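In the two complexes below, chain A is the common chain; its partner is chain B in one and chain C in the other.
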Partner chain A sequence: MQVRVRAFARLREAIGGDLTLEVPEGATMSRLLAAVGETSEQAGEALFEESGEIRGYVILMHNGRRVRRAEAGTLTLADGDEVALFPPVAGG
Partner chain B sequence: MLTDWELERYRRQIALFGEEAQERLANARVVIVGAGGLGCPVALYLAAAGIGEVRLVDGDVVDRTNLNRQVLHTDRDIGRAKVESAAGKLRAQNPEITVVATRATLDEENAALLAGGADLLVDATDNFGVRYILNRVALGARVPLIHGAVRGFDGQATMIIPGRTACLECIFPVAPPREDVIPVVGTTPGIIGLVQANEAIKYITGTGDLLTNRLLVWDGRAATMTTLPVERQEDCKACGSGRC
Partner chain C sequence: MISVTRDDFDVNAVIDRVRRPDMGALVTFLGVVRDDGIEVMELEAYEEVAVKELGTIRDEAFAKYPVTAVEVIHRIGRLRVGENILLIVVGAGHRKEAFDACEHILERIKQSVPIWKKEIGKDGERWVPGESFGGDA
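Presenting the complex of A and B:
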């Protein structure tokens, strides 16, 4: 099935734009995030801590709804879903 | 009552939202925390719009590396307090408003005092430590806070109305990591700062739909502006159930 990924800020720079990823039926948000991280070294660094945990400050959204990090492992995706990933910026 | 001078000076915007709204701007006190990349455009446009009292809070002095984006400061201001440098330009822009310059770095001790009496707070700071303090002050005093932040070609903004909308900690429960040097092109804080100033004018005049429960995200490389929905979090440490 296909899931559309909208990436913002540094993650968008790392990925180069929005993505449509092919993931197995019933894939979870975590599975999708891993697939996004595998697209490039920079994408992996933008999304994951060295420990492999998703970076806590990255905002995860599924079809326009905020997803908590703790939900990512159990939230199953469907064909045509949209996931948005936003690492906030901090300067002024 | 607006004076003849005011009726003339603000004619083009009075045509947009009326004399009563202009009087509200003239009676408003806005505290802008940070007189840097975001604070300069926010303050300049709020002064131009006729906000009655603009208070600037910043503890830094002007450095040459600020000048690509902190557009109220010039080469001659290097070494001066940013709030003094900025206040001088604002008074020249609009001599009929009150500009108060406070050279201080906002912290937990002084935050309530520095933000006291504000009708509106503007987050023009450059780190989440100070932002979280400002957010809690806004929640405690029940004063709206307009958040903005930038990096590179990217920026974000949202408006927080205590008790009604997601607060800063609902949206960003974990702060992004601090960077010693944050790369940025001056147009990014220019754009986000003007989004913040625009929200301030809308809030005070009661015009349009506010940027509440939405996070505006600007991507300067792609030239796109998007809003992402955000919502209050029941377990928010700052405004969660019973706290605000």
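Presenting the complex of A and C:
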């Protein structure tokens, strides 16, 4: 199945722009993040600590709704979903 | 009206669109690009979510304060020093609720609307650090 990944600000620069990734049916958010991290060394470093944990500043959204990092391992994605990755917001 | 746009806005035109005879106060916040030794600022947004979140913040303001109008326009794209970034206009019967609601809206925008700023100067560029981690450490 295909999942659209959108990234913003410095995460967009590290990942290189929006992606559409092929992941197995029933893949979780964690599985998708690992796939994003595997697209390039820069993307991997931007998303993960050396320990493999998702970096503290990475904010996750699933179809426009916030997802807590603790939920990433259990949140199951569906074909056509949109996942967004971004650092803390700085508008205003 | 809520808007995330590349276009500039006319502050007086927005105020005129909002004003009604029952309003004794129209509080306006205008955020502009400050000269911190930078040349331009690039703003980007997760637009669909930013518009939705601004709408939520407006609805919160209506629920929390006795105000009768809320307009928010946030620009994105490449802006030079001195250019307009953000306009908030709040109309109310009296000044206090208009000031309070306007400040509340501004603080909520900084907290949760997915918009980012990059400062570009002669010596390089940097992303302005976000103020909120969203309580998800």
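Just a few scattered comments:
The definition used in the following text is that the second predicted complex is superposed on the first by the 88 of 92 C-alpha atoms of A that agree within 3 Å, B and C clash if a C-alpha of one lies under 4 Å from a C-alpha of the other, contacts with A are read in each partner's own complex, and residues count from 1 in each chain.
The definition used in the following text is that contacts are C-beta pairs under 8 Å (C-beta built on N, C-alpha and C of every residue); 3 or more make two chains touch, one makes a residue touch a chain.
Computed from a predicted structure; not experimentally measured.
Of the two partner chains, neither chain B nor chain C is touched by A:72.
Contacts of A:61 after superposition on the shared chain: both chain B and chain C are touched. Judged by the touch definition given at the top, the superposed model places A:10 against both chain B and chain C.
Legend: residue contacts after superposition of the two complexes on their common chain; A:89 is shown touching both chain B and chain C.
Residue overlap on chain A between the chain B contacts of one complex and the chain C contacts of the other covers 8-10, 12, 56-57, 59, 61, 64, 66, 84, 86-92. In the complex of the two chains, the chain A residues touching chain C come out as 6, 8-10, 12, 56-57, 59, 61, 64, 66, 68-69, 84, 86-92. Those residues of chain C lying in contact with chain A across their complex are 31, 43-46, 48-50, 52, 74, 85-86, 106, 109-118, 127-134, 136-137. Across the complex, chain B is touched by residues 8-10, 12-13, 17, 56-57, 59, 61, 64-66, 84, 86-92 of chain A. Listing the residues of chain B that touch chain A in their complex gives 34, 36-39, 123-128, 148-152, 154-156, 171-179, 182, 184, 189, 215, 217, 219, 221-222, 226, 228-231.
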